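Given below, in the form of C-alpha cells, are the structures.
Below are two complexes that have chain A in common, paired first with chain B and then with chain C.
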Partner chain A sequence: MLDADFFRRWMTATAASVEREAERLTELDSPIGDADHGSNLHRGFTAVAAVLEKEAPDTPGAVLVLAGRQLISTVGGASGPLYGTLLRRTGKALGDAAEVSEAQLTDALRAGVDAVMTLGGAAPGDKTMVDALVPAVDALAESFAAARAAAEEGASATTPLQARKGRASYLGERSIGHQDPGATSAALLIAALATTADTEAADV
Partner chain B sequence: MKMLINVAESVVADALRGMAAAHPELTVDVENRVVVRRDAPVAGKVGLVSGGGSGHEPLHGGFVGPGMLSAACPGEVFTSPVPDQMVRAAAAVDSGAGVLFIVKNYTGDVLNFDMAAELAADEGIRIAKVLVDDDVAVTDSLYTAGRRGTGATLFVEKIAGAAAEEGQPLEQVEALARQVNESSRSFGVALSACTTPAKGSPTFDLPAGELELGVGIHGEPGRERRAMMTSREIADFAVNAVLDDMSPRNPVLLLVNGMGATPLLELYGFNAEVQRALTERGVAVARTLVGNYVTSLDMAGASVTLCQVDEELLRLYDAPVRTPGLRWGV
Partner chain C sequence: MSEEKRVGIVLVSHSAAVAASVAELARGLAGAGAFVPVAPAGGTEDGGLGTSAELISAAAASVDRGAGVAVLTDLGSAVLTVKALLAEGDELPADTRLVDAPFVEGAVAAVVTASTGADLTAVAAAASEAYTYRKE
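Now for the complex of A and B:
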C-alpha cells in the first residue's frame, strides 16, 4: 500500500528530476515551441517541493491535490493547467484514503489523464504529453517499471509525428522530427514514480 | 549573448519595477504581477483585462490606461500568466459592471483564462471572454491549436476600451470586441530569431540571407523559409496572404508592427510598400499605425494587420487613449 509519504516523495523526486533535466526540456522546446518548458516546470515543481515541505498533507489524495494547485498557481502557459489538472484530478480520484493500492493509483491516474485529454482536447498521436501518459497508465497495471518504459517509449515515439495541438501545431509539417517536450516531461514524472517505488522496495 | 538584465529569473519583476517608476498613473503590483490603471475601479465602467506572456511589450501592460485596458497580467517571458493573477486583476477593476477578458488564442492563455473566469465567477464577478485569432499563417482546423492572436489584439483592446470608457454595457463591449477580431487579419515575417532570457541563445537558427514567412510572436519558426526578399516583395507577400483571407469593402485600419529589433527607418519604408500593395488591390486605408506594438523580444521582422471598420468602429478607434504605449486625443 502507498501512503501520503510515498506521494510526497514522488513529487520531490519529480522536482529533482525536472531540475536535472530542465535544460534538456528547454532545448527540446526550442525548435518547435518557445524554449521555456524546462524553466517553467522547474519553477512549478520547485514550488511543489517547497509547499510539501512546509505542510505535509496526511493522505495521498491531498498531497496530489495540493501539488496540482501549486502548479496551476506558479507555472502558467499550457503546462500549468495541464499538469495541475493531471495531479488534482488524480488526487481527487484517490479520495481521502490514508493508503491506496497500486490498482487504485492506476485507476486514479487514468482519471487524471482523461481530465488532461478533455481539458487540452488532445488524443494519442497529437504529439503531446498524452502520448507518454496513456501508455504509462496502461502499463502501470503491470508494474511501475513497465509504466516507466512505456512512458519513455511513448515520448520517443512522438519524434516522427506532426503536432496537432499546442504551439508546435503552428509549424505544420515542420514539427516532424523533434521529440515533444511535453511528452518528455511526462515521462520524467512517471520515471520519478517508478524510482520512488524502487526506493520503497529497497527500504523494506 | 549579452542582455541588459540581472538574472533571467527576475526580468519580469525588474521590468515591472521600472514600469512603476516611469508611470505613476498606473498601479503596478510587482509581487503579484498585475498592472492596473490607478483610478480603478471606475464606477459603472466595464473592466477590460488582458494578459499573456511577457516579451511582447508594450503589449499588454503598456496598453493600460483611460480608453484602453483597465488591467493587464504579464506572465513569464512567452508564458501565459496564471489564473491567480487574472482573478486579482478582475477583482481590482470590477465596479459591478462586469469584466471582459481579452484572450489571445494560445493553448496556455486560453486554459488559464478559462480557469480564472470560473474562479472570478465564484467570487461574484460577471465575466465575458473574447478570443483574438487573427493570424492567417495558421490554418484554423482540427489539426492545429487554431489561429494565433497577434496584431489584432491592439485593435480589439483599443476599440473595446473606448466603448467601455463611454459606459457601454458588458454585452455590447464584448460584441464590439468580437466584431473587431472577426474583421481583422494578420501576417508576420521574421528576419531573425529572438533570444529568450531563459535560453540565452536564438530560439531557432535562421541563416543570413533567409527569412521566415508566417511567424507568430513567440520566436517560433514560421510555416516556410525562403531566400531573403526586398521590402517590396515582402509587402506583396504579406498583403496577399492577408487579402486572400478577407475582402474589405470598407476602409481598413492598418498596423505595420515591428517585432522588436527592426528600426523605424525600415518599418516606415516597409509601410510605404504595404500602402502601395493595398492601393493596387483597391483597399483604402483609413488610419495607419507604424511601430513596435506587439513584439517578440529582439526578433527582427514585421507583421501587417488589417481591420475592416465601419463608422462606429472608426469613431471608437479615434477616441482618446492615454496609456504608456498608445496615446492620442488627450
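Now for the complex of A and C:
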C-alpha cells in the first residue's frame, strides 16, 4: 500500500529530476516551442516541493491535489494547467483514503490522463505529453518499471510525429524530427514514480 | 441599470501590453459615459510572456459586480489556465464564464454589449458572434 509519504517522495523526486533535466527540456522546446518548458516546470515543481514540505497533507489524494493546485498557479505556460489537472484529478480520484493500492493508483492516474486529454483536446499521436502518459498508465497495471519503460518509449516515439496541438502545431512538417518536450517531461514524472517505488521496496 | 449590475470582463493575454491595450480599445469603442468593469490579466506576475493564474483570479475578483464575469483569452495556455481555474470551483467568482471568441473583436463586442446592461449570456453571445464577421 502507498501512503501520503510515498506520494510526497514521488513529487520531491520529480522536482529533483526536473531540476536536473531542465536544460535538456528547454533545449527540446527550442526548435518547436518557445524554449521555456524546462524553466517553467522547474519553477512549478520547486513550488510543489516547497508547499508539500510546509503543509504536509496526510493522504495521497491531498498530496496530489495540493501539488496540482500549485502547478496551475506557478508554471505560467500550458504545462501548468495540464500537469496541474493531471495531478489534481488523479488526487481527487484517490479520495481521502490514508493508503491506496497500486491498482487504485493506476485507475486514478487513468482518470487524470483522461482529464488532461479533455482539457487539451489531445489524443495519442498528436505529439504531446499524452504520448508518454497513455502507454505508461496501460503498463502500470503490470509494474512501475514497465510504466517507466513505456513512458520513455512513448516519449522517444514522438520524434517522427508531426505536432497537432499547441504552438508546435503551427510549424507543420517542421515539427517532425524533434522529440516532444511535454512527452519527455511526462516520462520524467513516471520515472520518478518508479524510482520512488524502487526506494520503497529497498526499504522494506 | 446601475453600475453595480454590469457584467465584468477579464481579458487574458500572454502579454501584459496586449491585454492592457485591448482593454483600452474596447473601453474607448464602448463610448463616452458607458461604464463597464474591464480588467486586463496579461503576462506572468514578473512581467514576462505567459499566463498567470493569480493575475486572472485577481482580475476576475476586481470586476465582479454580482452580474457574472466574462473571460476572453488569446492563446493555448491562457485558455487552459482559465479552464483549470473554472474546474477548481472556488478560484473565480461564482458566475464566471470562459467565452469562445476572437480576442480583440470579441472584447469590443463584449464591452459594448455589457455597457448596455445586458446579462452574461447576451455578452457571451455577442463576443462569440464576432467569429462570424468575415474580412474577405
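FYI, the second predicted complex is superposed on the first by the 204 of 204 C-alpha atoms of A that agree within 3 Å, B and C clash if a C-alpha of one lies under 4 Å from a C-alpha of the other, contacts with A are read in each partner's own complex, and residues count from 1 in each chain.
In this section, contacts are C-beta pairs under 8 Å (C-beta built on N, C-alpha and C of every residue); 3 or more make two chains touch, one makes a residue touch a chain.
Everything numeric here is computed off the predicted structure, so don't read it as measured data.
Asker: For A:164 in the superposed arrangement: first (chain B), second (chain C), both or neither?
Answerer: The first partner, chain B, only.
Asker: May I ask you to decide whether A:174 touches chain B, chain C, both, or neither, giving the answer as first, second, both or neither?
Answerer: In the superposition, A:174 contacts chain B only.
Asker: Thinking of the overlay built on chain A, is A:78 touched by chain B (first), by chain C (second), by both, or by neither?
Answerer: A:78 sits against chain B and chain C alike.
Asker: Which of the two partners, first being chain B and second being chain C, lies in contact with A:69: first, second, both, or neither?
Answerer: Touch status of A:69: second partner only.
Asker: After superposition on the shared chain, which partner residues are touched by A:146: those of chain B (first), chain C (second), both, or neither?
Answerer: neither
Asker: Which holds for A:47: it touches chain B only (first), chain C only (second), both, or neither?
Answerer: In the superposition, A:47 contacts neither chain B nor chain C.
Asker: Have a look at where A:33 lands relative to chain B and chain C in the superposition and call it first, second, both or neither.
Answerer: First partner only, chain B.
Asker: Tell me which partner touches more residues of chain A in the superposed arrangement, chain B or chain C.
Answerer: Counting contacted residues of chain A, the larger count belongs to B.
Asker: Counting contacts the way the document defines them, which residues of chain A are shared by the two interfaces, the one with chain B and the one with chain C?
Answerer: On chain A, the residues that contact chain B in one structure and chain C in the other are 34, 36, 40, 72-73, 76-82, 119-120, 166-167.
Asker: Can you list the chain A residues touching chain B in their complex?
Answerer: Counting only chain A, the residues touching chain B are 26, 30-36, 39-40, 43, 72-82, 119-120, 162, 164-167, 169-172, 174.
Asker: Where on chain C is chain A touching in the complex?
Answerer: My answer: residues 44, 48-54, 75-77, 80-81, 83-85, 87-88.
Asker: Can you name the residues of chain A that touch chain C in the complex?
Answerer: Contact set of chain A toward chain C: 34, 36, 40, 69, 72-73, 76-82, 84-85, 119-120, 166-167.
Asker: Quick one: in the complex, what on chain B touches chain A?
Answerer: My answer: residues 8, 53, 75-84, 106-108, 111-112, 115, 137-139, 142-145, 148, 196, 198-199, 203-204, 216, 218-221, 223.
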